[in-house]
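Some notes on the structure that comes next.
We call the chains A, B, C, D, E, F and G, going by the order they appear; numbering starts again at 1 in every chain.
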Amino acid sequence: MAHVAEWKRKEVEELTRVIKSYPVIALVDVAGVPAYPLSKMRDKFRGKAIIRVSRNTLIEIAIKRAAQELGKPELAKLADYIQGGAAILATDINPFKLYKLLEESKTPAPAKPGAVVTKDVVIPGGPTPIAPGPLVGEMQALGIPARIEKGKVTIQNDYTVLKAGGVITEQLARILNALGIEPLEVGLNLLAVYEDGIVYTPGVLAIDPSEYINMLQQAYVHAFNLSVNTAYPTKQTIEAIIQKAFLGAKNVAVEAGYVTKETVEDIFGRALRAVLLIAQNLPGELLDEKTKE
Amino acid sequence: MEYVYAALLLHAAGKEINEENLRKVLEAAGVTPDEARIKALVAALEGVNIDEVIQKAAMPVAAPVAVAA
Amino acid sequence: MEYVYAALLLHAAGKEINEENLRKVLEAAGVTPDEARIKALVAALEGVNIDEVIQKAAMPVAAPVAVAA
Amino acid sequence: MEYVYAALLLHAAGKEINEENLRKVLEAAGVTPDEARIKALVAALEGVNIDEVIQKAAMPVAAPVAVAA
Amino acid sequence: MEYVYAALLLHAAGKEINEENLRKVLEAAGVTPDEARIKALVAALEGVNIDEVIQKAAMPVAAPVAVAA
Amino acid sequence: MEYVYAALLLHAAGKEINEENLRKVLEAAGVTPDEARIKALVAALEGVNIDEVIQKAAMPVAAPVAVAA
Amino acid sequence: MEYVYAALLLHAAGKEINEENLRKVLEAAGVTPDEARIKALVAALEGVNIDEVIQKAAMPVAAPVAVAA
């Protein structure tokens, strides 16, 4: 490190210190994030996380040094994920929550030619502020159902003009900007997170909350079924247990044609329905007034 | 269900649902009436407004299921 | 409806639904049988699968269910 | 429904549903058993597959019965 | 479900659902009562309006579903 | 439902659902275990195939109603 | 499902569903906790109204009625 400039040495020392003082160390890509959103992000995470933008090489050295000094070899692997304009985000926040927070804090940005969209780009149906002009022809050329109504360009119905993963062309960028549609997202892209000997990648961290909701409901249904089916009463299931027993008893009585005040309606109903169903097949002159009603 | 049909037949014919009538109808249908079942049925129907029950029973519960074919 | 109840009673009793049997059951229920209606009923029920109809009438409707996962 | 509950209790306990057992259970519940109802229940349950029936929904069907309009 | 049927039997018979009564009914059905289960059931039934709960079960299903065939 | 969840957790973990294990899990969850409820649960689950029981709908399900139009 | 059962147990016990509590409950059940799964679960359940979610699961649904049109 003898030839290393003084500022670089200080920078690495500072980065190493930050990495060593937080349990959760994330690598984020700040390339393409303008200064203003980045400072807004810093404000948002103030007190919860420290964001340090630096050169990729210095970040790599700092991560490896911190790993060595802490005796945590797994931490060094985080350096493998450095790409783009990497920055260190050090925090106490659980990696999964951190990913969620970063995703939620992304803000929409105007279309740029050559940019890849992460979500489908939909042009909503309805009137637009655009006056008739050559743009209408360009829209129609892309399949957008644009028409002129009352002197304004109107979109007939919602139209997906670009699928997720698609590249914005110069022409589309012009149209989207004219329509005021911002199809891009600006924010910190999480590259990888380290905590407790594990490096988490976005693929792992992108959890689907609805899956967990489903599992919760499934678990509850399991508990409910177990309780009711084994007649082990709990506050939440005692009513269902009583109902199950009652319905079972009623079923048996109805099936057996054993008339009680609880079953008379069902039993007579069956007989009556059988009669009505048969009556459907009978010629009209056989039906008496009651059946004809 | 013989006993139930017999009872409903009597009711539809405007006759009283009592032990004797049930016995006669069942016998005419070739059933050897079980005294206990006859008595139990008559007892169970005591105080039951059959017209009301029939009317309720005839109404399809809820609306017929809407089926998208 | 008496005629149909009588037919179902015979069916439940395992007896044939023919003119004679219907006449006997109806008379036991105090109904003066109308020959034409008896004949028409017997004719109409030919080819009807009564067991199937009864089963349909007994079919349960959806009960409140806690969904199995 | 006392009689039916008593029968299902016996069934769940793996005991035979007969007159004597029903009588014992009903008496233990403070009910003075009615012989006719006991006999009728035992007779009615003959041939009924209780385990199967219990699982079926109790609700009568809304079999869309199109009554001739 | 023995314990629950025993409880419903007592309820239908107009008797209190307490440990002693449950024990008597279960024994009459030939079940050796498990004290813990009896206690758990009695505790769970506290404050439960059985008539209301049963009536809810007897009610026809809320709304029929539209089913794609 | 704490007790049921504890039992399901033990089952999912491949552990025996016995009084001691239930007690440990409940205590770890900050619940002071009620001996009667633990005993009742263990008794209720005896001989029960838990995998089967948790999948079985608790309420009777209507059989598919085939209605001929 | 161990992790989810553990979460519901904590919820039912009125305890917070956090990493430490989950770890304790799982360990008491003889499970060696997987840190990643615990973290993911805690993150996923943050802000989720569990009572509401459960109630939706418990909602009685009409069983799928297959109707042949």
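Criterion: a contact is a pair of C-beta atoms (placed from the backbone, for glycine too) under 8 Å apart; a residue touches a chain by one contact, two chains touch by 3 or more.
Computed from a predicted model, the values in this text were never measured in an experiment.
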Query: When the contacting C-beta pairs are counted for A-E and for A-C, which pair yields the higher total?
result: A-C
Statement: Residue numbers at the subunit B-subunit D contact, same meaning over half shared and different meaning under half, come out as same
Query: Can you give the whole-Å distance between the Cα centres of subunit C and subunit E?
result: 37
Task: Averaging only over C-alpha atoms, locate the centres of subunit E and subunit G and give their separation in whole Å.
output: 29
- line: Chain centres from averaged Cα atoms put subunit A and subunit D apart, in whole Å, by 52
- prompt: When the C-alpha atoms of subunit C and subunit F are each averaged to a single point, how far apart are the two points in Å?
  reply: 46
Task: Give the residues of subunit D that touch two or more other chains, as numbers and ranges in rising order.
output: 1, 5, 8, 40-41, 44, 54-65, 67
- prompt: Which residues does subunit A have that touch at least 2 chains other than itself?
  reply: 217-219, 221-225, 228, 231-232, 234-236, 240, 243-251, 257-258, 260, 262, 265-266, 269-271, 273, 275-277, 279, 290-291
Query: Within the complex, which stretch of subunit A touches subunit C?
result: 217-218, 221-222, 224-225, 228, 240, 243, 247, 270-271, 273-279, 281-283, 285-286, 288, 290-291
- line: Seen from subunit G, its contact residues with subunit F in the complex are 1-2, 5-6, 8-10, 12-15, 21, 24-31, 60, 62-69
- prompt: Residues of subunit C touching subunit A in their complex?
  reply: 1, 3-5, 7-8, 37, 40-41, 44-45, 48, 50, 53-54, 56-58, 63-64, 66-69
- request: Flag every residue of subunit E that touches subunit F in the complex, lowest number first.
  value: 34-37, 39-40, 43
- prompt: Quick one: in the complex, what on subunit A touches subunit E?
  reply: 231-235, 238-239, 241-250, 262
